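Note that the chains take the letters A, B, C, D and E in the order they are written out, and that residue 1 is the start of every chain.
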Amino acid sequence: MAAFLIPLAVLCPLVASIILFTCARHLSTRGVGVVACGGVGLSALCCVILAAWLLARPVTEVLHVDLWTWMRAGGFSAHIAFMLDRISLLMILVVTIVGGLIHIYAMSYMRTDPALARFFACMTLFVAAMLVLVLASDLLCLFIGWEGVGLCSYLLIGFWHDNPANTAAARKAFYLTRIGDVAFLCALLLLATATGSLRIASEVGAAESGQVSHMVVNAATLCMVVAAFAKSAQIPFQAWLPDAMAGPTPTSALIHAATMVTAGVYLLARLHGLFALAPAVQALVAVMGVLTLLMAACTALVQSDLKRILAWSTISQLGYMYLALGCGIWQGALFHLMTHAFFKALLFLAAGSIILRAGHEQDIFRMNGLGRAMPGVTAAFVAGASALAGLPLVGAGFYSKEMILSGLWPARFMLAGHDIPAGPVLWGLGLLGAFLTALYIFRAVFVVFEGDSRTDPTGRTPAGMGIPLACLAVMSVFGGMVEMPDTLAPIHLFTAFLGLSPPQAHEPAWLVLAGALAPLSGLLAAWVLWGRTPRIMREMPGQASIIPLAGSTPRATDALYGLVFVRPLRVLLWFVRHDVAAYCLGRTGRLTRLASDRLELARRGMIGLVAGRTVMLTREGSILLGRMQDGRVRWYAAWIAAGLCAALATMVLP
Amino acid sequence: MIMHDLFLPTPLPLLSCGIAIMLGSIAWRRSIRRNLSIGLVTLLLALVSVGSHIGAAPVDGAALFLQDRWAVYTAGLVGFSALCILLMSWRDMSGPRADTGTGPHIGMRTDPRTDPSIGAPNATLNATPAGASSGTLDSTSIGDEYSLLVLLGTLGAFAMVYAANFMPFFLGLEILGISLPGLIAYRQGHAMQACEAAMKYLILSGVSSAILLFGIGLAYAATGSLRFGLPVAGNGIPPLVAMAATVMILAGMFFKLSAVPFHMWLPDVMQGAPVPVAAFMAVVSKIAIFSSLVRYFSMGHAPPFLDTLLYGVIVLTILVGNLLALRQTSLTRLMACSSIAHMGYLLIAFYSPGPLQPGTLGAYLAAYTASTLGVFAAINAFATPDGTDGTTILDWKGLFFSRPFLATAMALMLLSLAGIPPGIGFFAKFEIMATGMDHHRGLLLLVLVAGSIMGLYYYLNIIRLMMVPPSLPAIRRGPGASPELTALIIVLSMIVVVGGLFPAFIIHPLFPAYQPGPPPAAVPTQRLTPESM
Amino acid sequence: MSPLAALVLLPVLGGGLAWVLDHPRLGAALRLRDGAWRMSMLTLVLETALLALVTFRHPTPAGPWLAHFYRPWVPPLGIAVRLDMDGLSLALIWLSLVLSLACVGVATRQVTYHAGVFHCLLLATLGGIIGTFLATDLFLFFFFWELMLVPMFVLIAVWGHENRQYAAMKFLVFTQGSGLIMLLSILGLVIAHYRVTGVLTFDYFTLAATPLPPMSSMVLMTGFFIAFAVKLPAVPLHVWLPDAHTQAPTAASVLLAGILLKTGGYGMIRFNVMLFPDAAARLAPIAMGLGIAGILYGAWLSCNQRDLKRLIAYSSISHMGFVLLGIFSGSSMGVQGAVIQMLAHGLGTGALFLIAGAIGERMHTRDMQVIGGLWRVMPRLSGTGLFFAVASLGMPGLGNFAGEFLVLLAIWPVSPLMGALAAIGLVLASVYSLRMVNSIFLAAPRPEPIAGADFGARQMVVFACIMAFLVVLGLYPQPFMTFSTPSPLPVAAGAATRSNAP
Amino acid sequence: MPPLPPPPVASQALWAPALSFNESLVLAAVLFCIGLAGVLARRNLMFMLMSLDIMLNAAALVFVAAGARWHDAAGQVMFLMILALAAVETAVGLAIILCLHARGRPTLDGDSNNLLQG
Amino acid sequence: MHAPIPHALGLLCAATTLVGAMMVITRKVVVHAVLYLVVTLLALAVVLALLGAPFAAALEVIIYAGAIMVLFVFVVMMLNLGQADSARESEWMRPRAWLGPALLAALLCAELLYALPSLLAPLPPPFAGPATETPLPPAPPLFRLGVHDVGLSLFGPYVLMVELVSFLLLAGLVSAFHIGRRRAEER
């Protein structure tokens, strides 16, 4: 039964997508919504049943479903195969449930859009691709989902394609992630060449048993890290995600917050066994993660576009996850992934409601005082913000972040034989990140909801949007309580779910305290800066002055890309805008023609011609004679004679 | 008296009789149609009898004439070509033109604007005595020597083909060469051009004849014999004399073959000549001289001292011929240049003696003959009485839509010349390459490839032009060609296609090397020794 | 008559009939509209049925060769009409037929200008191509190789777009010229064989056994290689392709891109790698370098085009670079990948050309900046276009990816650097594909109203079939891989069949 | 072709020549070259024809000398043929010259006013 | 070896021939050239006679120097040439115009002389080919061939050639007739 449910879970949204693509004209707006939500909902149902089935089994139980052999050539074989273990179970639950809620939300949100069917087709296709990604037991099969989500994200970012900026953003996203895809492909090739298969289990097994050389493991993991970074918009690929906010808000919620960008995290968590064998790569992941975390948080602090703030916060939170992965705390990363999915989806959806009611206004400085007009949404947003900020006890983010931070403290890097106790440093930076997170998100909260009302929000938030908001708000508040630090309460449902033993509490209790205080101080600072005197801060020209580097980051990155990649490519494109080979051919053709002309001239008697022209110039009035000098019969006869001479010469000469 | 030791291939007396009868007929009463008919019948008889002879072949081989397989084959081609050419000119020579009033025209352009000599055609017509039929033809007065000259030229060609002695070879060559100025001058409407072409031909062929004669003289001086073949210096004569003789004879032959650098005359003369006469020059005289060339070197076994010369001439001929053809705007000129190039290809085969060679030469000559004749027949059919002359390439624009049959036939011929299936030219070129490959003539074959690519360009350029859709929506279907021309074109097309699809069928009866069975074992393996690899 | 000979002759005969049927008087007498088109469809359906018969005939022959045909042609030269079919030929013939059906079904009914001749030439080209895929006598192969070009030349020259004459000339001169070089090689091989054994023959199987010194086998193989590289095309020799593809009428573009290029790949597998394995191995680095250059350069130029058909044409060069890479990777996996890539590229690019043709027919331009966004007006056309663009950029799960991945996998052990470079081609592929998508499908629509309807049911069925093929090829290529592996060259078996054949 | 006659009786056949065989060949060669130079250098068609005649005469001289050298009458037969050829060529050439002269090329210039050129 | 006086005569005639030929190709006036050509031909006839071919010499005088030259003169008369023509001829005959032809002719002459047996007969041949292994006789004997010999040969084995020559003459006749008549008609 379960073996049947897994493909079904994938198939439901896929079929929905195909229906929506092909029968767009024959479906009403309502019909479209029903099909889309039905597809995802069915899939969610399957997942829930699967969860129930799997949770009843021992934790080590893994369900394998081999559908068919994809290709087999030489010593290599790949399969279309799925597997369900606890990690993928977690992922499919998050994807389908959060995805389902977002679909329900989007039904209301996108109600009036003429291309609704295409929108939902892409959304459901995305869910399908994401499910393939998380369920695949073969890396090549995973790659289908990996590229599929990229494609869907491209389609959705550029959904409103009348604006060239949107399509440009879409392409930017695709290109940057495509670079990562190529890295992923290289990793696949490396592994496939080394082992002849791309089964995740066998890969990890082979690597652990030492069949795969160290070199290959390092290279492959490095490639995968590049791929994951591109997918998750980590440094140096961070540029695409903020631009990707050009898509409809549900898209942002679903793809660029909750699920797709976490694919990289999932991949690394899934292959944690492999990564454990490449400590250098892990260290790199951690360092890049923490850098991204701080950079993105700083950048978020100076943004004025609500969705961009959320986008940068996503990058920042993903930085947390990579930091955790880099230090081997993959369960922490997954936990944060889950809570992040909840609260980031909530934040985006709430932001979508706000934007919708504010008349598609996205600048936070132009929508003050919305709190009174839309209390429900405000509440949801605040719930999400506190979860994101990790306010102790009331935010899901607190628990997951706490799990990561407490895991960081003892972390050590084994680099080139040296044991580097990097944990405390990373911990400190992570804590700084937590402070910044609270600062920027509550900045947004205060600016948007406090103060005098500037805009007049119209209408009401419909129930179709409210219900998902409510559900997600609940999950954001309580979703984190499945796992708590021992200091608070010995609840370890999440680790148990993953089948791991609960972490041993080595760390001192003040770590937890520090982790709780950092966001609170951030909240306080935000209140001091923006809550009290919103006007002053708003008028301050360029918040960039606070953190100059951070303020210029996005622009600097874009400029850097421009300088390093785009400009040279453009120049190169300009240079070879014509087919060089064709050009050469053209030259050759002209030369041939020229030769032909010359021969013709020779035939007419070039010597005679030249001589004639000279004569014509030196002697007056004899144009006629000049023309007569055009050697004819004699010239031909001369050729004959010359030919005879040459022929005799070939004989006479040896 | 000495008939018993005469050896004479039948076509020669047949043609002579035909000429005599024709002279008689002219003396009795002038009629172009009758003359043409006599000519056709004579040529048909000659064609049928190419393989037979009068008298017994002398055993010692010291005859004036000789009739081996090669001679019979090329004589057949010559006869066939002459027949076709006479047929081609039937309409122009004998058609009733009372309605057009332009007189006989062979590939003529009667555009009064461009031609000063057309000033008083009617006066000319009226001045001539009334002819046979309706009294308006001047064809009786102008055209009656035409068939006579064609027959004379053919006689010369036959004499060359069968010659086993320098004397008949030289006489045949000259008969052919002297008939041609007369034939060239048949181009009405372009009298100056025709005259000029005749003058050029006469002077240049005179020079080449002198060179040839001097060469023959040297050969005779070296050997004391006029036997047609490579001279071997006799007693007391340094071998250099024989070599010089060979070179000079070769130069004379190359002139007639229009191999570079002796090629200059051909484009001018062919452009100035009427279309059928141009065909005559391109086909009959070239086949005859090529046949003699092969005979002279006893199937192409050229002595080594000629290697440089032959290499140079072949390379130059192919390249220059094709390069010249690239720029031509006149179709006859283009055909002249392309025929130069084809001679170059043929020379490759000539230069590669061996088991493959006879088949190759036969195939290529047949392909060249059929395709070239086809092209010229199409040009002739294209020329209509109302003034369009097919000799400018641009005239052919859009022909596919106005006269599809003619255009298809023309395209077929051109494709065959370019060496593209299904024409016979494809197989012929293939054979040339096979032969050359057998001899490791790598350089020559590369030149051949280069030349073929250029050739492709200009042949296909014509096809391309024919396919340019006409600018006018109303498609004017031109008057159909006359029946004999249509039949001729159909026959030639059939030969081209059938020969291309079943080459063995065409060549098999002519060459023993082409008999079915496993030939490789039977083939002399002189070239299979390891050191030749 | 043997089915193989019928396979070759049927299109030619059908084309002739189509020509005849197009005659206005005859059409009127039979009360038949679109007589030529109907005849072509009928011919193709018959041909498909015949091919199905050959494919599923029972019992399956014992060897890898599915069918034979032998008839002497020019016995003194050892030339015979010899046709043999193995899985590779069969797969490519299937591809040809599917594409021809698609393009006759979708694109040629609109041809009104001398429709009979048009269909005749189209079918003649098809006949030549099928002959090329089947011939195992080298002379016959060359015969078909040359034969298929002329009708294509005429198709381009008469029914093409504005610069058709130039393009047609270039196409023919290039392909024909390289063909002559191949002819030299063929003759060289034949004569080398003759020198050794004293047997003059053009038979593929017999010649395969010719012992050759390394140098001469290298030279001979290079001759073959040049001809195939022009047709494929490999990079410095690709110059004819963009023009020809751009200027050709839709149906001819489809045939060109879909099948004609495949004759190059087929030839490389059949005549380069299998006839001269050692020399091919020695040439491999150069060939693979050319393949990489083709992938990158083609993609690169493709990124630069404004002309829709030109963009697709350059993308073909890029895709065929993978084929070249796979063929010379030296492993069966690479060859399998190349075959899959050929099939997928044939279907995908063929479909793209059909779409480009449909767009050109509706918009009367190929300039992507003029076309503007079409999705709003023609969602079905645009959706289809999107699908094939995505296929072209190598989306996993579609045919191209399967081929490219196999090729990359085959090339990786040889040289990871090359593999990585080729993989970079995928990034460029995404650039040009998405540029196309964002210029004409997902873009701001043109201000002025667009004439012309969206795809109708007939078109959609055709495209759905192609899509289904691509998906199947992408997700389940295994049967094709097993099936279309070129038959190995059992010298003894070849000799045996030869002795049996007459 | 007849077989060579039997070796003649020395007293009757051997005849002290006024010019040796080699000298006559040299004479012919020089004459030939002079004729050729005339064809190449002169533009008047009349002079071309005359130069052509000189060349033909040179060739004829070779035949006669060779015939004397090998005691073969065929040389003189060939001489006759060449004579006929020269007559015919001259006749046709003069006819063409008259034709050209009558039609707008009164200068008989081989070089100018060419209608036929590339 | 040579009898000195006939040899001197022969050399003289040869020199006359060459000088005459030179004069032919360098004259400005056509009639002068024709006359020089007659001189050349007469001298050549003497050479022929000295070579032991009296029949050929007679024909040379009768047909060539006689008939053909008359034809030339006749045409010259018809052409009605004048002072202007000779002026034009001298215009055309500048040294520059002679340079190329003279070079070519000299080159050809040199090559021919190199190839022909040397004037100094006893010198060894330049290449010792297989045919020249026997030592060369110092001066090859020449044979006198009279009318009788020629007649026997002409109407014996070469009678067919006489027929062919008749066709050659016929062809020339018809051609000349045709060309000439066209001129007459279209004038």
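Note that contacts are C-beta pairs under 8 Å (C-beta built on N, C-alpha and C of every residue); 3 or more make two chains touch, one makes a residue touch a chain.
According to UniProt, the chain labels map to these proteins: A = NADH-quinone oxidoreductase subunit L; C = NADH-quinone oxidoreductase subunit M; D = NADH-quinone oxidoreductase subunit K; E = NADH-quinone oxidoreductase subunit J.
This one's a predicted model, so the numbers in the text were calculated from it and none came from an experiment.
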item: Touching subunit C and also subunit E, the following chains; value: A, B
item: Of A-D and B-C, pair with higher C-beta contact tally; value: B-C
item: Distance-maximising chain from subunit E - centres being C-alpha averages; value: A
item: Most centrally placed chain, judged by C-alpha centres; value: C
item: Per Cα centroids, the chain farthest from subunit B; value: A
item: Mean-CA-position distance for subunit B and subunit A (Å); value: 75
item: Centre distance in Å when subunit A and subunit E are each reduced to the mean of their C-alpha atoms; value: 98
item: Centre-to-centre distance between subunit D and subunit C (centres being mean Cα positions), rounded to whole Å; value: 66
item: Interchain centroid distance [CA atoms averaged], subunit A/subunit C, Å; value: 37
item: For subunit A, residues contacting two or more additional chains; value: 600, 603, 632-635, 637-638, 641-642, 644, 648, 651-652
item: Set of subunit C residues in contact with two or more other chains; value: none
item: Residue numbers of subunit E (touch at least two other chains); value: 100-101, 104-105, 108, 111-112, 114-117, 140, 156-158, 161, 165, 168, 171-172, 175-177, 179, 182, 186
item: Pairs of chains, among all present, that meet the touch criterion; value: A-B, A-C, A-D, A-E, B-C, B-D, B-E, D-E
item: Of all residues in subunit E, those that touch subunit A in their complex; value: 91, 96, 100-101, 104-105, 107-108, 111-112, 114-115
item: Touch list for subunit B against partner subunit A, complex; value: 199-200, 203-204, 207-208, 211, 240, 243-244, 246-248, 250-251, 254-255, 260-262, 264-265, 305-306, 308-309, 312, 320, 323-324, 326-327, 454
item: Sites on subunit D touched by subunit E in the complex; value: 1-2, 8, 13-27, 29-44, 46-47, 49-51, 53-54, 57, 60-61, 64-65, 67-69, 71, 73-77, 79-81, 83-92, 94-99, 101-103, 107-109
item: Residues of subunit A defined as touching subunit D within the complex; value: 600, 603-604, 608, 624, 627-635, 637-638, 641
item: Residues of subunit A touching subunit B in the complex; value: 592-593, 595-597, 599-600, 603, 632-633, 635-637, 639-644, 646-648, 650-652
